[in-house]
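These are the structures, in structure tokens.
Shared between the two complexes below is subunit A, which has subunit B as its partner in the first and subunit C in the second.
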Partner chain A sequence: MHWLRTRGRATAPYGLGLIAVLLIPALLNVIPGIAPGYVLYLVSLALIYAIVAIGLGILIGHTGQISLGHAGFFAIGAYASALLTLRLGLPFVVAVLVAGSVSAAIGFLLGLPALRLSGPYLAVATLGFGLAIPQLVVWQSSWTGGSSGLHGLPLASLPLGAFTIVFRTDQDYYYLAAAVLIVLTIFARNVVTSHTGRAFVAIRDSEIAARAMGVDLVRYKTTAFALSALYAGIAGALYAHLLHGISPEDFTVLLSVDFLTMIVLGGLGSIGGALSGALLLTFLQNALTRLPVVHDFKNLYIVVLGVILILTIVFFPQGLAGIARSWRLRRATRTLDRPAGAGQIVELGERSGVR
Partner chain B sequence: MTGPVLEITDLTIRFGGLVAVDGLDLRVNAGEIVGLIGPNGAGKTTVFNCISRFYQPDRGTVHFKGRDITRSGSHEIIRFGIARTFQNVELCRSMTALGNLLVGQHVAMRSGVIRDGLRLPGVGADEARATQRADEMLELLGLTGDRDHVVSTLPFGLQKLVELGRALVSDPALLLLDEPTAGADKQEIQGLADLIRRMRDRFDLSVLVVEHDMSFVMGLCDRLYVLDFGRRIAEGAPADVRNDSAVIEAYLGEPELEVTEV
Partner chain C sequence: MTGQFSRMENRSVPRAALVVPLLVAFLLTACGPASTAPGATTTATTAPTTAPVVPGVTDTEVVVGSWGPQDGPAGAYGAIDRTLDAYFKMINDQGGINGRKIRFIYENDSYQPAKTVAAVKKLVEEDKVFALCGGLGTAHNAAVMDYLVSNNVPHVWPATGTTALAVPLKKNIYAVQLNYTTEATLATQYALDTMGTKKIAVFYQNDAFGKEGLDAVQAELKKRNLPAATGVSYETADTNFSAQALKLQTSGADTVILYAVPKPGGSIIAEMGKIGYAPKLLSSSVINDPSIFQLAGTAINGMLIEAYLPAFDDTSNPKIVEYQAFMAKYASKEQIGGFTEAGYAYGQVFIEALKRAGKELTREGFMTNLDKMQNFTGSLVPSLSYSPTDHAGVKAAYFQAAKDGKFVTVTGFITLK
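Entry: the complex of A and B
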């Protein structure tokens, strides 16, 4: 029954997060002096990035397969849904689902070379993928709009039986992004705490042991790639309709590094970590690019990104999730007077998403 | 059962110019505990890696219960009923003992990322069944107290036990043990021999064990194969092998013959 208790404790932040999601718009409306529309747009962007981070976290944190090219999947999802709604006039919902599926299929294909590559070689291969996608978009300018991109995307809408919900305002879209994130977070949590998630972690811990225990590396590595690409693709589609327009420069390699930093900062192998890392970094980037004193906005953010990566890896290798864990642990040992060692061991098990 | 559980015929594998295993014939009958011994570098673990399909032999075949497994994938072997342990312990380090024993039941559980992600009906029941089975195995091995401990925090001896449990929980017909005594002291070694025999009786196992602690295999095994430079130099009951002149020559100057390694 030990795991029940740890699970209950780990679920509490999600409950608080849900309450925050519901209350944020109301709060913004009562706080004077800020533009709620812009803040909600920014939060929506952070939630969309969090979707990518969760998917990438399953690939890197749980399965141990690096990717430096997830901006590529994000771009594929964004362009797929933009083209489907703009050129073919397909409904938003269909476009998002197709965009996610296309991205997942390409993720599966990229997973195939990953079977033969590991470590730095896989990093370079995925980096190449991430570099190639925006370039391909520019070359195929006749239908992608080239470097000027695609604009004037229709409003997101959701048909519900007789009537249709149209997401007109920033607040509407915020609720949409939050709902998708919640669904995908639950899905990811279910995956990593189950049979499939155990196979992922087994591959990360020891490929030899995983094979000897009957884990089919071909199947599970490609599954991890496809799943993380699905998340990035859906997020990309949401991104395109949040901005109503996209261009290749939205999807540079730097965005892939952003995604990686989010999950490292949050803590590898932790879904809550991926969430908090994505939120924190998105707000930080926005704050830095709007800082009035600094003129060279964009480069300052890159420097800060690098510093965050270094500091996290050196001082908090388990990221925000690790800090939260040790804080909880200290509190638990103080109140329950429980031996610290025993608590720590349970916590470590929780980190891997496996009980 | 008719016929041997494991039958290896003319197994040969080369690494570059070195012939690691040379025309080996080996048989394990149902219920037998068979030892594969030899000096360091004799090719014992290489034979294991051919059986569990980590290496592809250059010549020869491996049959398990009459089925040719020489071309099977390494992840398929456990489904046929062959489970193994490793010389230096290959556990899933970040998982708990329980987690490792759940991984051991990987092939017995239905899988599917969508099924798991949506928690479709049956997922919870599967998990509960596997957890119960793992708990029973932990209790049998005296590991109940370490159930929720991350295995990398456990002492080496317990890690080896967890690894044994992970192999057993897959319900194998043939258990491959690679140096089970490595890192154990004399008292633990005696207990280990008893444990392996008890597990054999309880789970209807056949066991193939690679070892270089001679006193351990002499006491444990029904039959021994002796390898030297990849060739089989002797085969038979422990008492016969002990007095075989080729074996004594191969082990000349090898302290492992008499001394228990700690």
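Entry: the complex of A and C
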């Protein structure tokens, strides 16, 4: 988030990001030997995961509330949108918004026990939630399709007055995912820099101190849960329409762990970190599955991934965002030689990590 | 308090304004390339020569793809693709087919449909495979079915017993495995007509696989105007089956049909033995794993199990001797068992299809010739036939009986009545 903070630089990353978003498909078309459709699908998937990671980052990184069950919210969003478009024939846009709202409402409810639980207890409660959702899907098979899932979802479309944009190709869907991600990134950034965001950070750093200062714990904890569930729900809806189908096997507890890994890899308490963590992990996973399969050692890629994560935690506990931050701080002190301003004090405060 | 949390900075640039050019941009691009069809059709347009370029085919090579889990909870299935790979190596050592060597690329999807889609897109668009063989998983096949149909990529022997792949017919998908509907119908007919069964109960896994089995049993009973069978289900996570055993006992059924994977299947048989309930047992082929005998104890003796491939340890069968010799030479690190036997059989069927497609290899020619396959007996699959309107594959099965820690063949092949 701080890469947008300093006023004079604020628009530059947006501009660069926008140019990158627009150029990626064109670049893929001229690089020989790669299939644009395949890479764009992967990028779209990574962008969708990034939406979840940003929401989860608000909950874990900013508010200090752990969740090991975000695959559950992701599944709720995916199933809600799939059922709305497939069974009720609602437009894609409506389905995505309703899916996000349903997920947010359930997030709000899950936030209530979080008022009394903390640390490992909250982790287990959310883990249970994440495990329960796919089971509920299987149980309610008459309308969720059970283990076989729901398939043949209609193409995503966006009505604009007289026109309707239909997202048919991998490239179309990539632009859709990028647009949603950009809007939600800006929204998340505005939230965390608002007084709500500061209340989140106050809760994270000390609940007692936050209460003493008049922060309403009930309100802000449930808000943080609802907000991160909203992100996961919208992402789930996009995921369902990217794959044109879903099944309970999409939403295992491993996916929740993946989401957690993304924000740890990227750096807790940083929106930019959540984003880059999601992109990096998705591509890392895909690149590592291309390692040769060695007989009697079939899980090599999981081991390599584990080693990368351990190295990150040991040497860069602040993740990618921490690396970028220290690099920028060093450059700022070297070139400008100015005393540390208020912004940098906040940044140093963030180094204390999550409690 | 408001002062504490008020905004520390003044953002002069309205961020929302930055979204507008993006919206315009993707409006333009979305209208542009949307008209071009995705996938393989675009690859053909780059053909410089007069002969049409067939994806994955040169004069000396044909590229074949597959996917399946090589790690994670379902990683044991990975043996299928590795055996298939070894089989194609053997074929290449023998000089290939019609002058072409096979380059086999199998992707690891960790049994996650999102990764299956990525894997299949890579295989089709980047590796430009000619065809697929043995893509694994019910949900996973469902996730890529429409994509493979619209790109017209032949897929021989998807590794799942779901009926949905062949019914309704998909021009490019050739199922082989005995599907669960046919399998359960055969079991029901055999119980009623040969075993003298009066009342059936079904112990099934609460998912698409188990329910397809239960539905087929009920349909057969309904056809004969017999009362419906009692269905008793379990979840894959269950570990205690005493309640289900009691329910089966109180149903009063003299025959229990099992649609269960090895672990719960073995446990329920042991539980039924414990409470002194000894119905006749009939099971789907998926239970076929050596571990079942330790789990079930002596109560399993006499249970009939359906099979459509010959027993992998029946060395009196020359085809099995051939399979075991192949395993010793090309896949010595893999176990002799159901998974590697399947992988070997996939290879045999695919190679036969490739042979029949001839020297001028095209996808259309490949499928047209495969549609003409009648009663092919040259593989572990006892008999395989296709027609332009039927891609369902195997429709016959035989029964083995559990006897002192082994399955022994007790019937010949049986087909639907």
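Keep in mind that, in the parts below, the second predicted complex is superposed on the first by the 304 of 355 C-alpha atoms of A that agree within 3 Å, B and C clash if a C-alpha of one lies under 4 Å from a C-alpha of the other, contacts with A are read in each partner's own complex, and residues count from 1 in each chain.
To be clear about the criterion, contacts are C-beta pairs under 8 Å (C-beta built on N, C-alpha and C of every residue); 3 or more make two chains touch, one makes a residue touch a chain.
Here the structure is a predicted model, which is why all the values come from computation and not from measurement.
S.K.: For A:176, is the partner it touches subunit B (first), subunit C (second), both, or none of the two (neither)?
M.R.: second
S.K.: With both complexes superposed on chain A, which partner does A:116 reach: first (subunit B), second (subunit C), both or neither?
M.R.: neither
S.K.: Contact-wise, after the overlay, does A:149 reach subunit B, subunit C, both or neither (first, second, both, neither)?
M.R.: So A:149 only meets subunit C here.
S.K.: Which partner, subunit B or subunit C, touches the larger number of subunit A residues?
M.R.: Counting residues of subunit A touched by each partner, the higher count goes to C.
S.K.: Is A:199 contacted by the first partner subunit B, the second partner subunit C, both or neither?
M.R.: A:199: touches subunit B and subunit C.
S.K.: Could you look at A:334 and tell me whether it touches subunit B, subunit C, both or neither (first, second, both, neither)?
M.R.: It touches nothing on subunit B or subunit C.
S.K.: Looking at the overlay, what does A:245 touch: subunit B (first), subunit C (second), both, or neither?
M.R.: In the superposition, A:245 touches subunit C alone.
S.K.: Quick one: is A:191 in contact with subunit B, with subunit C, with both, or with neither? Answer first, second, both or neither.
M.R.: A:191: touches subunit B, not subunit C.
S.K.: Common interface residues of subunit A with subunit B and subunit C?
M.R.: Dual-contact residues (subunit A): 190, 194-196, 198-199, 213-214.
S.K.: Over in the complex, which subunit A residues touch subunit B? Could you list them?
M.R.: 2-3, 187-188, 190-191, 194-199, 201-202, 204-206, 208-217, 223, 227, 269, 345-346, 348-349, 351-352, 354-355
S.K.: Can you tell me which positions in subunit B touch subunit A when the two form their complex?
M.R.: 52, 54, 73-79, 83-84, 86, 90-96, 98-99, 102-104, 106-107, 109-113, 116-119, 123, 126-127, 147-150, 153, 166, 170
S.K.: Could you list, by residue number, the parts of subunit A that touch subunit C in their complex?
M.R.: Going by the criterion above, the answer is residues 5, 7, 10-11, 14-15, 18, 21-22, 25, 33-38, 41-42, 45, 135, 138-139, 141, 146-149, 151-152, 160, 165-172, 175-176, 178-179, 182-183, 186, 190, 193-196, 198-199, 213-214, 239, 243-247, 249-250, 252, 254, 286, 289, 293, 295-296, 298-299, 301-302, 342.
S.K.: Quick check: in the complex, which residue numbers of subunit C touch subunit A?
M.R.: 1-2, 4-13, 15-16, 18-19, 21-23, 25-27, 29-31, 33-34, 36, 38-39, 70-72, 75, 78, 82, 107-108, 110-115, 117-118, 121-122, 125-126, 137-140, 142-143, 145-146, 162, 164, 206-209, 211, 235, 237, 333
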